[in-house]
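Multiple structures are listed underneath, in structure tokens.
One chain, subunit A, appears in both complexes that follow, with subunit B as partner in the first and subunit C in the second.
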Partner chain A sequence: MLKHYLATAIQVLRRRKFFTFISLFGVSLTLVVLMVATAVFDQALGPQPPEVHSDRTLGVYSLGMRGPSISSNSDASYWFLDRYVRTLPDVEAVTIFSQAARSATYRDGEKFELYLKRADGAFWHVYAFDFLEGGPFLAEEDANAERVAVINETTRRRLYDGESAVGRVLEIDGQRFKIKGVVRDISYLRQDPFSDVWTPNSTARSDVHLRPAVLGNHTGVILAHRRSDFPAIKRAFEASLEEVELPERYEELTGEANTRFERFSRVLSSDRDQVKASPWRLRIAIALAMLLFMILPSLNLVNINISRILERASEIGVRKAFGASSWTLVGQFVVENVLLTLIGGGIAFVLSSGVLSLLNGVQLVPYAVFQLNFRVFFYGLLIAVIFGLVSGVYPAWKMSRLHPVVALRRRSL
Partner chain B sequence: MIRHMLQIVWNRKASNALIILEILVSFLVVFAVVAMAIFNWRNYHRPLGYAWEDVWQINFRIGDREFDAAERHAAANRTLERLLRELETMAPVVRAAAGHYPPYTRSSSSRNWDTSDGRDIFTEIIEATPEFFEVLDIRIVAGRGFEAADAAHPWQPVIVNRTLAADLFGEGEDPIGKTVDLGNMKSTETELRVVGMIDDYRKGGELAVPSNMMFEAVWLEPTRRPLSLLAIRLAPGTPAAFEEELSKRLNALAPEWSFSVRSLAAKRDAYLRLRLAPLLAAAVVAAFLILMVALGLVGVLWQNVTQRTLEVGLRRAKGATRPNIHWQILGEMLMIASLGLVLGTLVVVQVPLMGWLSFLDLSTFGLAFAVSVVVIYCLAAICSLYPSWLAARIQPAEALHYE
Partner chain C sequence: MIELQDVEKIYRTDRIETVALANVNLEIEAGEFVSIMGPSGCGKSTLLNLMGLLDVPSEGYVRLAGESVESYSDRRLSRLRNQRIGFVFQTFHLIADLSVVANVEIPLLYRRMRGRERRQRALAALEQVGLSSRVHHFPSQLSGGQQQRVAIARAIVGEPDVLLADEPTGNLDSSMGDEVMAMLHDLNNRAGTTIVMVTHDERLAGRTGRTLRLFDGRQVN
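For the complex of A and B:
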């Protein structure tokens, strides 16, 4: 029976090629956009290596300081994080690192621009880097200000033509470091672990990080034992803000320990400093954007399907006249619609991988490797099937319940 | 005629309602894209106020500012002074300056206060040495630049851009020599006196929304908290290889500081790429959506025409010419489009009424509206071309056979 339906469906799709093309175009376009958007989103926020513990991490990003006529906001300083975040009770680990800063190394008069991040021993515990050779630097090496570094694969290729780099000396930012390990490239969108070269915090060129200050350019990331500890950690952090002594002219310090998603949601924050997370706003905004985006393709699909079904009025009439039940007819239309959607999904799958590999190829974002998210693909397909069913099967069902004579004469719904 | 068209559209309201809805949503999509495009295009063509060619910026890190002891400030400012002097002795360097917030930067410092007559003033603040204007080629259009003699004044000399001058002293008023009304902050803050006016300094780059700007002069006084940036103007055609020499020199001069050199040209490139990529992506997606809608409309109209073979045949038999039929199909589609547009207008008008997207000024809004209406009418007309041609080809005899 199913085989027969499929054969009919293919016949129908082939008979009106233009309509088939429009439906496929709509379904695949919608899915491609959804897939690409999710791939970018996943690359930035999803639980991908090296942020494998992202469900248990909280970060202290920018802080806001306010006075009566003045306000500043910036990332936190090393001193502040060391004193108020590293001391938080009941957490598995805390890592403090600087923002990846653009630095240069020169070889034979040629300039290589590299990102340099200063980090600590715990950094390699919080983030699961994939080492190609050698290993991370240790907490003791940070404590002793040893000039050691970890570099990424691309840097090894650019500077050493891909040959083994461990033990070599890299001169960057006017300092010389002994390379201890080489890791796989980290996407620029994963701002916390991202860099080309990682060296210990203590090797910073000045003792900046030891000076007492609230604002600086470091980030602190807390790895909790379990997610359920989050509220307690957030409370403890916010309580500790009260103790911080502020510079003159400032009266209030605001900051939060946020998950990656909450951190991202700050862009929609209502206050001007944008240090407060508003995850619900972001969720609603994403849902609205997706809904808005899907309205047009759905309307299009509905319109096309309604038009098409009218064309089949006489077919329905004939089949009913020969004894087909309403349910049989509906079953047939379900098969047709699902088949159409699946073909569209297949095309979308190929197209999205094409678009993503194109994006990966042009390296718009350094080291980004966008991947298809199968879960989202499945949901997108499901939505397309639902719209196909609602728009194609509902009118068919209504029509299939008519008396054959009426159906045969009927020209519009 | 119009009434007749409306009647025809109304008779088929069930199937037309969905098409009207589709036109409405398409209109919103087109409007959003066109408004975004016009907004960015206009910003792009606004004067920048500075010249980025042959300018390099040197970021340096010396430490966190706010708790630093007085002697640290003094030492940092001494080093800065020496660096500026040494930089200008290097052959390709035409001029060197120190400041905060170079072009193509998002971070900023701002000030917000109420004047004594209750007006809310917001401005970005940039501290810089007097040479900053020369390095970035920021033209002083009224008054003068900062001068060494200014250092002795008890008041702080400032240079403002046109929009801030208008906000402070009123449109068309000459701001030069006037004191900034700090309202209730007057007692605690240093007096600010305007010595010069610039057209603009659009720090956020070509696509940024213009903002109020105020420059405060800095003379690297020992007590001043240190600036964060050096900017140098180079002789045209300086090779990129100069950077290594520059970098070595800087590291040798201040071994405890950390430097990073970048040309504004490279920054601008990265900035434009980063800002334009999402806009381009949105435009491409919207274009595909509209193409999809267009194909869909052709399909629906085509189906319509086939269904109405009888009706059209009858009209032809009663003496309607081919152009008559053409116009009927086209007119119906345009009527449907108009209904969608009326609804769309009701939706779009909410935006300025509710005060959303306040950065879109009325002329951008109006232009975007007009362009979108034209686009939708063109879309409707193009979509009905083929179906109306099909309809006009129907012969009365063929129609009467149709069943």
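For the complex of A and C:
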């Protein structure tokens, strides 16, 4: 039966070229936008190196403090993370690092702007960087405030013309560091591991980060032994918040240990300080956005499909006369539409590759390499099938209800 | 084989009520070849649609092979049509997107028959109507007579008990019409298929076993 449906669908697509062109044009265009969006989303959130353990990591990204007449929210301080997060029990590792900040270096009198991130030894365990030469700095080097650094390949190319950089001295932000390793570039969208240069936390120009304060500009990322440990870790972290002594005028401290997805979902949090995650809201928002984006082209395709199927009304009559039930016909027309959208999906896949190459070429986002990998292909396929179903079921159902006598009165087949 | 009892068919719109059939009582035995005659608009096709379970009466009962079908679901009616009834239409109603053999396979498709057996039976039906050489053609590549022969092959491929033909020769010249009639007679004689045929042609009706006449939706003698 399915073979017959597919053979019929291919014949229909071949013989009704105008409808096929219009339908494929709309479907492909819609799917290109959705596939490019999926590729961008995957670049930002998918499990890509160096965040290969993202399914086991929780981050403390933001804290909120409130008092009767005052409230503040910000990243956590190094002091807070070191005292309350690094000490969490039963975790594999905890890394504490600063946000990548713009810094300057000079080569032959020319100024180069680079991102500089301060991190610790555990950072290289939590994130699986690909070292092109040398290796990471160690926890002891951080403890001893040794002036060592890891740079990325673009920085090596810009400063040393791509030649070996290990052992050289890099002067950045007025400090001199001996380069220990060179890693592959990390996309700007991967904000946690992203930077051009990484140096130990202890080499910070001032010891402000060591002073007792709750809020600051650091992030703590916890690597759990397994994902099932998340609830216990989250509970332990929230319990530790109770112990924090707050500055005057503040009475309440809020914060969560979040997965990456939860972190982004905070944007939609009902919480005034946007400290609490709302993963379901984000999921619903993404689904709604995709649905809204698909709804106009879907309605268009629904219209085209109704006209297309209406042209085949007497075929419906004949099929009913010879034993097809209404549901059998729904199945046939839905299969036809899904096939159409899958072909559109194939075209969209090729077009999306072109669009993404273009985006990569102009380097809209530093070091981001948008690509159509297996995951994006899978989601693209899923979107195409959903699109096919959404735009195919209603016309198929409507036309399958057509009375066989009425259908047979229509002449064209 | 087919029994209609006190059948009425009324088409209603917001303002108009049209009586297409009124007080029709008839019984057609298995193996009969019956023709239905009457002027245009007298309800011949409506009667045929009711017999073919494509439509339901406003009043009265239709029974097919002893089965009362008024409470049947869409799925059950479809199955009954598929297994017991074949249709031949005046305008052939072949599916333009499908080849001749794929058109003939359609009734078997809804019997969940395996592809190979389906193809063999469709080819045999096409051989029966003398169209073995045109199996991979498309309907638009055939003459009217050839298209009607394909339609007959499609109607008989499932070996139905009943064949309902709505003016099967209406769009054909007389020699092709005779050819189609010969096929129907052959089917009736050899396979014992019950045939009900709507026609305007007194000559063709005279060659059937019995003629029912309709006028203004009523049976007349």
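Structural remarks
In the analysis below, the second predicted complex is superposed on the first by the 320 of 413 C-alpha atoms of A that agree within 3 Å, B and C clash if a C-alpha of one lies under 4 Å from a C-alpha of the other, contacts with A are read in each partner's own complex, and residues count from 1 in each chain.
FYI, a residue touches a chain if its C-beta (ideal position, glycine included) is under 8 Å from a C-beta of that chain, and two chains touch if they have at least 3 such contacts.
Fair warning: this is a prediction, and the values are worked out from it, not measured in the lab.
By the touch criterion defined above, A:P89 lies against neither subunit B nor subunit C after alignment on the C-alpha atoms of chain A.
Contacts of A:P404 after superposition on the shared chain: subunit C is touched, whereas subunit B is not.
Within the superposed three-chain model, A:H4 lies in touch with subunit C and out of touch with subunit B [touch as defined at top].
When the shared chain is aligned, subunit B comes close enough to touch A:S72, but subunit C does not. When the two complexes are overlaid, the chain among subunit B and subunit C that reaches more residues of subunit A is B.
Legend: residue contacts after superposition of the two complexes on their common chain; A:V214 is shown touching subunit B, with no touch to subunit C.
In the superposition on chain A, A:P231 makes contact with neither subunit B nor subunit C.
Of the two partner chains placed by superposition, A:G361 touches none, neither subunit B nor subunit C. Comparing which residues of subunit A touch subunit B with which touch subunit C, the overlap comprises 411, 413. Those residues of subunit A that touch subunit B in the shared complex are 18-19, 21-22, 25-26, 29, 33, 68-72, 74, 77, 79, 101-104, 106, 109, 111, 173-174, 204-208, 211-217, 247, 250, 293, 295-297, 299-300, 302-304, 306-308, 310-311, 364, 411-413.
Touching subunit C in their complex are the following residues of subunit A: 1, 3-4, 7-8, 11-12, 15, 314-315, 317-328, 403-405, 408, 411, 413. Touching subunit A in their complex are the following residues of subunit C: 49, 52, 54-55, 74-75, 78-79, 81-83, 86-87, 89, 91, 93-98, 102, 105-107, 109-112, 115, 139, 154, 158. Against subunit A, the residues of subunit B that register as touching in their complex are 12, 14-15, 18-19, 21-22, 25-26, 29, 61-68, 107, 109-113, 185, 188-189, 240-241, 243-244, 247, 251, 255-262, 273, 277, 285, 288-289, 291-293, 295-296, 298-300, 302-304, 306-307.
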